[in-house]
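Remarks on the structure that follows.
Read from first to last, the chains carry the letters A, B, C and D; within each, the first residue is number 1.
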């Protein structure tokens, strides 16, 4: 491949996700494969503003494919939202001889990339990295599959003790705006009910469902709740509500929290990261810009960044139905 | 749904795979949801011949979604390949009031199902359960995703010791006819080379690749080898060959073996099993027969059993290229 | 062995712990080995009062050694604290032909056993089962080792994201009265500070320590906090306090909760459970009563129940020092 | 502490084991705590001969407590067995200003340390690091506990598929001279028989035991075999022998291999490593030499190196009996 691009910068931005290191590795090694240079930019856009750069060769990314987190670290940068911040960042890229950028992050990070690219006519390519799976243009974001396995592993443990004591557990998982984690992990963990932002089950139906579950002979129950679920109560308020209305239940709360963002990535996420990194670099080398690489119908595909930012993912309503049938 | 089918039998057949229990649970609960009866048939077709049946209700499958293996057990049955065997099996189904069959297994099991269904005009539906992912008509078979995670978990451990001693490890994974496990887990584990049945890398290129890897400064190397790889040497012969030709390598062998078939299923496999079980039962209730349920483009879809049996899956050649770039 | 004891009852009581199933299995199989009968008593003392018994043979406990929770279920029973409750329980034991009792649980459960045994001159033997490791007379209680591994696995994941964002995490672990989990898992997870019930570090020293940690170049920090730590603030109040006083820290909270009680037991806990079960049954057969079996200096040993109840475990102060040195 | 020792070298030698990194971290930070310098010596004694040294401060060992392998790498050195080799090593230590040595490894490594120390009157301290647990003077060597958990995790997976197909599995685990892994993991995994170097069960008793197991209604069986077991057949020869004599068994072999040496250390191994590292450094600072630090009766204790080398560990015969009872 001959291309005007001789040096690519790569950064991770926003909330970290398992698989980000595997994606960095893929970007770095694909650059090396095509005999172009690669620069790691630390702490996302903030590091771009501060010129926190480091040359990376194929050996810089040895033994990171299986590590959670991001060796480039991540940060949010309010300065990058200002003209001065963007100008400083651009000046640093130019000074460093960097011709193009791969941004690994979520839609907030993509908005920054899109704006920056338009302002300075600078080639950028996005790789979707967030456990929430809420990015339009890909069936899977980096880290989603790993987070699901982390969640079901925790709930399997909780179920051991729930079964031993005939208890009801309310388990809060991540997902402020999207119920993908709750819905998939809920089915995977055999939850009796799943509360998500996209669907208002209603408190009344929840109580009915729990009563039915008890009547059907189940000795313990798990309810999986996305942070941003529609009912709008905190998981602790929900506990109080259930105990008031269903005093026969001994109810406990578990908030899984940030461990969902960490851990060694699953095989799926490692392969995904490897594929997306190759495609991101090669698309830049082909002269493309302002796209996100993702998986569509099990194939790597490009989606214009602007669509990835503005589009909305939807939960698969078939899964709601499957969940309903499974809790029979 | 009103249907002539009032009682469905479910069995697991062939090599077991993680997610089979989750699929059994899904079949049983979907039957209960639609208020029809469900019967578990033990030890595959052999149990069908021997009338080894057990009524199953929604509580019979509590707490199995996260268990490896199959509570219905599996077996190979040579008797089922005879007319007498098939007749006995049919008589038992009729005697038990069973109207339709869900068969969870691989293509050998589907051939049996197809033949039986044609002989007795008996409704059958297949669910692909095998870690090898070598079934046409679905992007994923039950157990494949879990097996990949098992394999990379093992190779991550092996890499710890490989790195500490600057060694070359030859790791044999399952896959007599198909390289899906080797190819995906090889990329996921960061293997330097991957040998699969579908592609003859050749011994010479392997040596060149290992020499290049050493020259590039890598201190340790992993080669992942499918059981049925094209080179045709056993992994132990390969070790001898490499040590003769590259005496600077301290080479070790690891054969992962049957642990790849076990373990608690991944979230992906549990959700997949739940979806496929629902679709299998509901397709039978809609009067369909002789199909396999599977995933095509991230959606549950039907493929005629005959195609599933005769079709061949192909490895994604993009992955070969990704593997090549990643070992830079 | 010839003994007057012909049938032994076994129950689990109090909070469940990984390894309880392995202990039940051991009790049941040791009875079979010595050709005496064994009866499982469900839901602890409450099931004893209600006569919720089930005969158990060696095949009843197949495939449970690796399962979390307790197949006999656990419960707390206020009725067992009354004379009527104890009388009913005794009558049921006599009616069932049960000659002796193995109680798997914590010190509350042992108090009940001790009282019951004295009232009715009934042989009892205790097996310490609780993740908290707060029982006098054994270096390890069942479940403690497993819980430690669960906790460090979670904190390893949290550290991935903590490092990526340069954050401070406050991680609350179980331990209302004892800091064993916090102290060991804190060292194991590389925590910068560990707060436990046995030692008042004081808020001021915590702040100093965090400032020193930052100054030493650490980019992220983990503080592990036992539920019952001496400072007396909730983990959320602590977060507010730290953020007020050390505004440079971006502080997050994670409460690990009940998952610490579940999961497949570690090898240590499985072997421990097997050893203690053998000793408990054989001690009863030798005519002993009112002892707890435990590990002292790596050997199985007996401690009078009354001492196990009244004694206090102490944290190993060497570990406090090790923790201090490790956070250099 | 005031001491003549101002700079300590640390190395890992022999087969690697999980927890070695945690021990390196502990040595490095304990040096920093006592304000003395620390130098990492790469590739064991070979690196000592080649002067492959690196200064290490407390931040050099960030985030390694949870990593398998050894960041200092390990190697065997035949040159170190020569007078010239030892002289070169000594000269390098003197040139580097190193006053004392901490050697993390097994008894072969300790022999080298002992000999070297005597030749040059050089202070050395040993930390037992090997998964085999075959070092006299400590109840646990670094990595033993982790290896046990790795083994039972594998066998749990194998049992899933063994149970599904009613098969007999022969599982070979590490242990050329010592049966500690086989005995403990065998009990932990619920093996029907355990073959170890210390005890000649005899082929005849093995067959009888397997026949009894089948007769007792067990549908699958696991036999755990240490590499160096007394029967003296390879595990593959054993398979042939069993199939000839017990044709009703469908027998499979699994050789777990080097993955037993890798993986993230268990909490026990991390805490152990931290404790032993502190004690090793502080003992050197107190002027002691030629000791191994280890655990005796749950306390850190010193054993003269010469005893650690010459002494023999013995299996706990109580465990043999427990195993026998558990397979009832």
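Assume a residue touches a chain if its C-beta (ideal position, glycine included) is under 8 Å from a C-beta of that chain, and two chains touch if they have at least 3 such contacts.
Note that the structure is a prediction, hence the values are computed from the model and not measured.
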{"item": "Remotest chain, subunit D as reference, centres from CA atoms", "value": "A"}
{"item": "Distance from the mean Cα position of subunit D to that of subunit A, given in whole angstrom", "value": "39"}
{"item": "For subunit C paired with subunit D, centre-to-centre distance based on mean C-alpha positions, whole Å", "value": "28"}
{"item": "Gap in Å, rounded to a whole number, between the CA centres of subunit D and subunit B", "value": "36"}
{"item": "Numbers and ranges of subunit A residues touching at least 2 other chains", "value": "156, 159, 163"}
{"item": "Arrangement of touching chains [line / ring / star / complete / other]", "value": "ring"}
{"item": "Interchain contacts (touch definition) - all pairs", "value": "A-B, A-C, B-D, C-D"}
{"item": "Complex contact set, residues of subunit A against subunit C", "value": "12, 15-16, 18, 20, 67-70, 73-75, 150, 154, 156-166, 169, 219, 252-255, 257-263"}
{"item": "Subunit B-touching residues of subunit A, taken from the complex the two chains share", "value": "25-26, 29-30, 32-33, 58-59, 62-63, 65-66, 139, 145, 148-149, 151-152, 156, 159, 163, 184-185, 187-190, 216-218, 264, 266-268, 270-271, 274-275, 278, 297-300, 318-319, 321-322, 325-326, 328"}
